[in-house]
Each structure stands twice: as C-alpha cells, then as structure tokens.
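Got a structure here, written out as structure tokens. Questions coming.
Chain nomenclature is as follows: A, B, C, D and E, assigned in order of appearance, with residue numbering initiated at 1 for each chain independently.
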Amino acid sequence: RRGPLVLAAASMQEALTDAADAWRAQGHARPVLSYAASSALARQVMAGARADLFVSADAEWMDAVAAKGLIVAGTRATLARNRLVVVGRVGGPRLGTLRGAALARVLAAGPLAMADPDSVPAGRYGRAALTRLGAWEAVAPRVVRAENVRAALALVERGAAPYGVVYATDARAARGVAIAGYFPATSHVPIVYPVARLSASDEAEGFRRFLLSTRGQAILARRGFARR
Amino acid sequence: MSFDVDVTVRRGGRDLHVAFAAGGGVTILFGPSGAGKTSTLDMIAGLLRPAAGHVRVAERTLFDHAAGIDLPPERRRAGYVFQDARLFPHRRVRANLLYGARSDARLAEVAATLDIAPLLGRWPRSLSGGEARRVAIGRALLADPDFLLLDEPLSSLDADRREEATRAIERVRDAAGLPILLVTHDAAEADRLGDRVVRVG
Amino acid sequence: MEDVAGIVRLSLLVGLVATAAALPVAFALAWVLARWRFPGKVLLDGLVHLPLVVPPVVTGWLLLIAFAPEGPLGSIGDRVLFRWTGAAIAAAVMALPLMVRAMRLSIEGVDRRLEQAARTLGASRWRAYATVTLPLALPGVLAGAMLGFARSLGEFGATITFVSNVPGETQTLPLAIYAALQRPGGEALVWRLAAVSVALSLAALVASEALARRAGRGVHVL
Amino acid sequence: MEDVAGIVRLSLLVGLVATAAALPVAFALAWVLARWRFPGKVLLDGLVHLPLVVPPVVTGWLLLIAFAPEGPLGSIGDRVLFRWTGAAIAAAVMALPLMVRAMRLSIEGVDRRLEQAARTLGASRWRAYATVTLPLALPGVLAGAMLGFARSLGEFGATITFVSNVPGETQTLPLAIYAALQRPGGEALVWRLAAVSVALSLAALVASEALARRAGRGVHVL
Amino acid sequence: MSFDVDVTVRRGGRDLHVAFAAGGGVTILFGPSGAGKTSTLDMIAGLLRPAAGHVRVAERTLFDHAAGIDLPPERRRAGYVFQDARLFPHRRVRANLLYGARSDARLAEVAATLDIAPLLGRWPRSLSGGEARRVAIGRALLADPDFLLLDEPLSSLDADRREEATRAIERVRDAAGLPILLVTHDAAEADRLGDRVVRVG
C-alpha cells in the first residue's frame, strides 16, 4: 500500500525520513517523500500536480501556494524552526558576538559562501541578518551565491571559501566544518518551515498531525531543528 | 523505336542537347569525354531531369516535358551499369547482386557467366576494379530490366573477361530482345556489339 | 531509502524507454533537416536545439506547464506527473537534440548516388531509404542512440522540476545522487551511485561500439 | 541584478572561450578514438562521456575538489574559483563529450583512400591530415562546435556547484534564469532571459549552417 | 634496373606473389582482373605493406623486409594515377592539380596537354568520368615524381584524349627519363607505349 505523497524541502530530508520511518513503525503506510527545492515543489503544486502534503523551507512559497487556493483550510502550521550560523573550517577562529565593522572585516577577507540572497530562503535570511548587524554592504561584493545551503557548505568544506552562512542543521553534521558563530535570533525574521495539507487524504492528515505532535517534534529536534 | 530521346539540360554553364531515335538491338553512344553521354543515360534512367523534351523507350513514355510525364526511376525499369560501380558498401556481393532481383533463380547462372561466383561472400570494398565492375553488370542484369543502359561496362576488364561480359550482353540482346544503350570509347567494341552508333557532342 | 538496485532498475527503465521513444522522432527530424529544403527550416532546427540551450530547469518547467491539468496536454497529465513516464519524457526531450545532430551528420554523409542506384534497381524512395540510406547512416544512428541514452542516464534538472523526486517513481540515479548530496555525510552514497552510473554507461558504450563495428564493415567502395 | 546586457556579454564570453578551448582537445580526442587502436580505448571513450552521464552537480563537485586549495589543481584555484574562467572550464568539460562524438563521426566517415592519395603526392601524415581529413570532417567539426556552444550557453548544474553564482563573474544566463525561478513571481524575468538564450543560439545555428554549407560544397566524387 | 620488385602479400585468403625486374622506359603490367596489378602498384607506392620481399625503384630501396626498410609513401615520390580518380572533393580542380606541386609553373602546360584548362575552377563532383581521370593524371604529373604508377589511366577516354594523354606520358618518359609502370588491358596501348610487358597472375 502506498502512503501519501509528501513534497518536502530538500533541507528537511533527514528529519522527515526519520519521521516517516517512525510513522510506519506505528503501523501506517510509509509516506512517499519527494525532496527538491521549495520553488520546484511549489511550482509543481501550483501547476496542479496532485500531492498530499507540502513542507516548504520558507513562508513565501507556502503563501504562493495558498494564494492559489490549493491548501486545505486550517491545515497550515509551522512544522519546525531553524537557526542561522556562520561556519568556518575546523580549528578556525570563533567569531563570538561580532557585529558591524569587525564582523565585516572578518567575513570580507575571502569569498563568503551562502545560498543566493536574492532567491534561496537561507540566502535571504542571511542577507537580512548581515544587514541588521551592519556588515552586509561590506561583504556583499565577496558573496558567492550557491545553489542551496548544502552547496554553500561544500565550498567551505573544500576550502574554496573561508566562511559560509548556513543553517544550523546543515552545519551540525558536516565534516571538516565547524560553527564559528550564531546569528542572534533577533537579526532576522524567524526561520520557519510551514506544512500544509493539499488533499483530502486522511493518511496525510494523520502524518501531518504526527509531525506536529510531541513525538514528531522530538524526531525533528534530533536532527537539529528547533521546536515550533 | 527502341529509344526515342530528345532532351535538353543545362550542365556546367552550357546547354546540352541530345536527340536520337533508334530501333532494336544495341545502340552505341559515342562521343568525346565530357560530351554528355553519362548525362544522357542519367536522363533516360530518371536520375537527372531534362529541362525540356521527351524520353520514350520501347514505345513507353518515361518523360515528357510538354505532357508533364516524369516517371520515377524505379518505375522506368532501366538496368543501369554506372560509369563508377556504385555497389552498396554495406551489402556483400551476393546481396548486391540480388538487390533488384525478384528471386535468386538466375543468380548462379549470371555469377558463372561473369566469373564472380567465388566473390559472392565478399564485401565490395575488397574487390578489385574489374571485379566490382562485373558485379555491377550482374546486379543490373538480375533486376529484370526492360532495357539496359551501359556506361563503359567493359573498361578495366581484361580480354577474357571482356569477351565473357560481351557474350552475356549479346545473349540478353538476342534472347530477351531488350533495347540496349551502350557507351564506349572502343571502336572494336562498338563494331562488334553495336547495331548503330549515335554521336554525342 | 538506499534501495540502489531499485534506483538502477528505474534509471534503466527511464533511460531505455526515453531512448527508444526518441529514436524514431530524432531520426525523422534528422532526415528532414538533412535532406529537405523548406522555409522555416532554421526555426525547426532551432526548436530541436532548444532543450540544449535553455537551462534544464526551464525545460522541466515548460513540460510541467504543458502537462498541468489546464495545459495543452493536461488530459494525460495524471499519467505523467510524479510518474516514471514523466521522467522518461523529460529525458527524451533533453536527449533529442544530441540524437538528431549525430543522425543528421551521418545522413548527410551518405552518398546520394547510392540511393540513385537503388532507385534504378526498382526500389521506391522509401525502400531505397530503408535499405541504403538508413543502414549507411547506422554509425550515426548508433552514436545518437548512445548519446541519448547516456544523456538520459544523467538527466537531472528537467526531471526534478517536472516530476519531482519521488522514490520508486521518478528518483533516477541523478536524483538519488542529489538527495544524497543534500545530506551531510552523504558522500559515500554519492560515490556509490556515481560509480553505478559510470558502469552503466560504460556498458552501453561497449555495446554500441561493438554494434558500430559490426555495422561498419562495409563503407567506402570504388 | 537585472543587468541583462551584462549577463549576455558574460554568457557569450564564457560560451565562446569554452568552445574555443574545448575544440582542439575534442578534435584530438575524436581523432584518437576514430583512427587509433589501443588497449584501454573504451576506457578513454568512457572517460570522455563521463560528464554526460554523471549529473552535472557531481561534475561541478569534482571540479571543485580538483581546484580547491588542497586539490590537485589547487595552485591555479585562485584564478578559477568564483571567476568566469571557472565557468568556462565547467562549460567546456560539459560540452566535450558532445563535441567529440560529432567530430569522431565525421572523421570516421572520411575515405582513407583520399588520405593515401595525399601521401603519394608527397604529403606527410600530418599534412595529409590537415589538408584532407580535417577539411572533409569539417561538417562534424562545425556540428561539434555548434553543439558545444549551445551546450555551454545552457550549462547550469556544474557551473553553479563549481564556481557559484557571482553576478558579473559567473552568473551566466542559466544561472540568472535559475535565480529568477527561485523567486515567486520571477516568471517575467525568466521569459525575458530565456528568450535571449534562444535568440543567441538561433544566431549561432544560422551561422554554423551557413559555414557548413560553404564547407560542404565538395564531397562525394567519382 | 628501373623496377626491381619481389613482393608477397596475402589478399582475400590467398597469397599473391609478384616479382619482376625491368629496365628504363615503360613497363606494362598485364594480367586478368583480380590478378593483383593494383595491389602491386599499392605495394610499390607504400600504401600496402608486403609480407615479405623488397621494392627497389631506380636503384633506390623503398622497401626491404629483411633489412627493415619501409619508406612512408610521401618519401617514395611515386606519381600514382589510381584506378579510381580519388580527387579531393573539397578542392577545386586547380587545387587538386597543385596539391603535390612545388609551384604552379607547369600548371598551364599540363592543363593544356590534358585539355582540362576550362575545368580549373570546377569542383570534382561536377566532372565527367573522363574529365576526372585526366585531372588525376595531371595531378600526378605535377607532383614532380621520381617514377610513375599508372593504373589504367586511359580507360574512359575517347580516342583524341587518349592520344593526347599518351603523348603526355611519352613526353615524360623521353624527356625526364622517368621509369613508368603502366597497367592496361588494351593490347594496342601496350604495344605503343610499352618497352616490355610483365605478366601478373
């Protein structure tokens, strides 16, 4: 028996895979999970492709889907939160609570890897945070825009860029890379992963509730996501 | 009339006009290099479209500019031995010989006449010049043509092979009574085979 | 999740179906482009090349629009979206320009006088085409099929945009590699999957070379 | 951000440099594969096809590893990483298999007896090659260059993974299109940029067809 | 000795052995179709490698199996007129003629002799059979060869052209004293041109 089709942002891959396994262990059909960029998934939904659940990496794409009336009323909820960090190579200096000119000086010393600040959610949060901390203008010329957070992380891992701005969840498991500093939670709007149901499927609703339950939240937390 | 040809075509900047009418048997097309012999055969076979005129063979109209008739090559039923051999390189000699044949009934006989029986399993690229030429003759004969167009078919053949090939052609002429148009530069060949000579150019 | 055998099976299915489906289309297009003269030929040529020039993501998006319920092909959308058939369509579209080019090159290289010889021997235009032009263009057809299959095996951007990344349905090798790349520490799996891709295409290559050698025994005659 | 003229200029620079750089390499490879017999030929052939089969992201990632400071080519990494030169390298690598295939097909189609004729007329192996084989293979070389250029214009996955998306340095048309696609409501810009891509490749196509017609005036003689 | 040839090669399943030694002037190579005449010329020109034996022309050793000598074709300086024309299809007639020439000093003279002056601007594919053949002869003569290998050079030429081409060959023979090896099936041609006849097969 095939479970419901869940379209999910690629950055939630491990957490949702764990959750789907746990859900099946409870005797349900395992949801089928399709991971891609939120933009690609949202477009598929908006084009009319039939799926049951959508987990976006940011609110904007969920808004776009909602604006088309494709979400079942009352099923949108915040699934998880994330934090933004600066990563550097293992053994590199800690940035502590740097801000303003000092932060700019450090980050602008070499290429700064981050997801595209114009389009990818992680990049947008990163730009907002750096702007708030007074460093954006100085570092903007050194920013290299990766396709997604993982690609940005790879640039740091390989030493192509000394620092990168990524999600805490991605930084946690990467080898050769260490968190050099956290962005203050107040430096950007909260990083939320919204979930919403797209179809009338009861199974999808069950899984959605499971994700939002204490059990589900604990699974996500193990992968570094902050509770909603 | 076996051949009733009156055609004009533009080739390389000048107009080529060939007209002749000939009875049965072998008609020799004779003329200097570049006169338009091959072009004439091409027009009769339907490979080159005349700008004007008509082509009738054995009372059948193959082309008539005025009447708008232009049979495609496959419906003209010419047995054309090209000046170059034009064997199909991706088919062995046997398959080349049988390409236009209805059956392989006459294969052995024709192959023996032309002395190419040992070559049936070979690829065309491994044939000598004269061998390829003989296969090309055999291929045209086996296609059950209504008439033959032979463009220097005996060049690059030694005396014995030439004699055999000549006899094969004579046999076709005498037995089936096919009209034959033959291009040659060899006076002896023309004398022996030809019932009449048409000069081009 | 790491059902490598299943992923390989699916990739082969998608790659073979895409190549088989694109082959006749590519061949017809190659023939038209090689042998016909008509107004708008450059446009057709450009259209064929489109999937090569436009980023795969855009091609995938256009396919999505075409097969969406309100799109021009919406009536069969359900049989395509999030299905392996859709992955095959994406792969075929992306492979088409490569196949057409290789085949066209070979068709243009066939000596037309051999076709003429076939015609005088009683072959219709079509028979001459099937028995002379096509076999003589076989190296190009094989090269085209090979290129198309290899490209299908590597197709990623159009597929994930068009039919998403559904395990067991549309998750071919490249999509599985992408998924693995998104996981911290997924490198080991990436290597394994990439090695499988390479092995598959090497096998296809060897097969196509052997076929080409068999097909190319003749060629070039006095 | 929407400096379309700048993006087009950069795309052309990257595409032309990539094609020009890959051309001689592709031709040498095509020749070796078409005319030589040696053990390990299939391996070389497979290696050339690799960028076609492996997802572009993986190719980009391998390039990154190679040119990263600790990689084997790390010494020139600074001149490549996040620079247009790197984008050109990515495009060239991705275009190579297509170019090699087209050229190889044409070289295999050249009648070796013509090379022999050139040799008896006093031409060295190399002169015969340059004056007979190469010009007769020109349709394939042009087709290969055309395919390579088109592929370069469309290259996305390897580029963004290898040299990221730096406006004015590595942000070619596909990367700009991708960025626009990531934004809700970015469609208008996507269309504009895609139209520009298509126009560029159509122009290249027309040019290459004209060249091919000029080059193909001979071919097939008694 | 102009030609001192003793070669063996395996062709199509049987061994071909040709051996002859000949003085200056024109040596006729005579033999049935498929006997190995073209193969012999190919071996002398360096296009086909003999399994054993040697090839010496005008006291120069071009090939010697025992001594391990095997000059590449371009250093043998043969003026080879192939049985098929083998013109370069991508070069106009003029460029074909000059391919092996040091300068175009003799172009006009040779073109006039062979009656191909009007064809200089043409593409090979637009030539008639005899025209292509004459261009091939001209190309070989213009390459300043040390000896000539002529494989049925006069086939597909009409009597006048044949006469002119024959005279051109005779002139080369008499003036430059080049050794010439000529394949022909035509007894009259052999009689007129040949100083001696070597039989193959």
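Throughout what follows, a residue touches a chain if its C-beta (ideal position, glycine included) is under 8 Å from a C-beta of that chain, and two chains touch if they have at least 3 such contacts.
In UniProt terms the chains read B, E = ATP-binding cassette domain-containing protein; C, D = Molybdenum transport system permease.
Not measured: the values here are computed from a predicted model.
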Shared chain contacts [chain B and chain C, defined touch]: none
From chain C, the most remote chain by mean C-alpha position: E
Interface ranked first by C-beta contact pairs: C-D
Euclidean distance of C-alpha centroids - chain D vs chain E, Å: 44
Computed distance of Cα centres, chain E from chain B, in Å: 29
Where chain C and chain D are represented by their mean Cα positions, the distance between them in whole Å: 19
Computed distance of Cα centres, chain B from chain A, in Å: 79
Where chain B touches two or more other chains, by residue: 83-84, 129
Residue list for chain D, restricted to those that touch at least two other chains: 57, 61, 113, 178, 181, 220, 222
Multi-partner residues of chain A (each touching 2 or more other chains): 43
All chain pairs that touch each other: A-C, A-D, B-C, B-E, C-D, D-E
Residues of chain E touching chain D in the complex: 45-47, 72-74, 76-80, 82, 84-91, 99-100, 123-125, 127, 129, 132, 139-140, 143
Contact footprint of chain D on chain A as seen in their complex: 37, 39, 42-43, 60-61, 63-64, 111, 113, 116, 118-120, 143-147, 151, 154-155, 158-160
Contacting residues of chain C [partner chain B, same complex]: 113-114, 116-125, 128, 131-132, 135-136, 138, 215, 217-222
Residues of chain C touching chain A in the complex: 1, 57, 60-61, 64-65, 68-71, 74, 77-78, 81-82, 160-161, 164-171, 178-179, 181-185
Residue ranges of chain B in contact with chain E within the complex: 12, 31-34, 37-38, 83-84, 122, 126, 128-131, 133-134, 151-152, 155-162, 185, 187
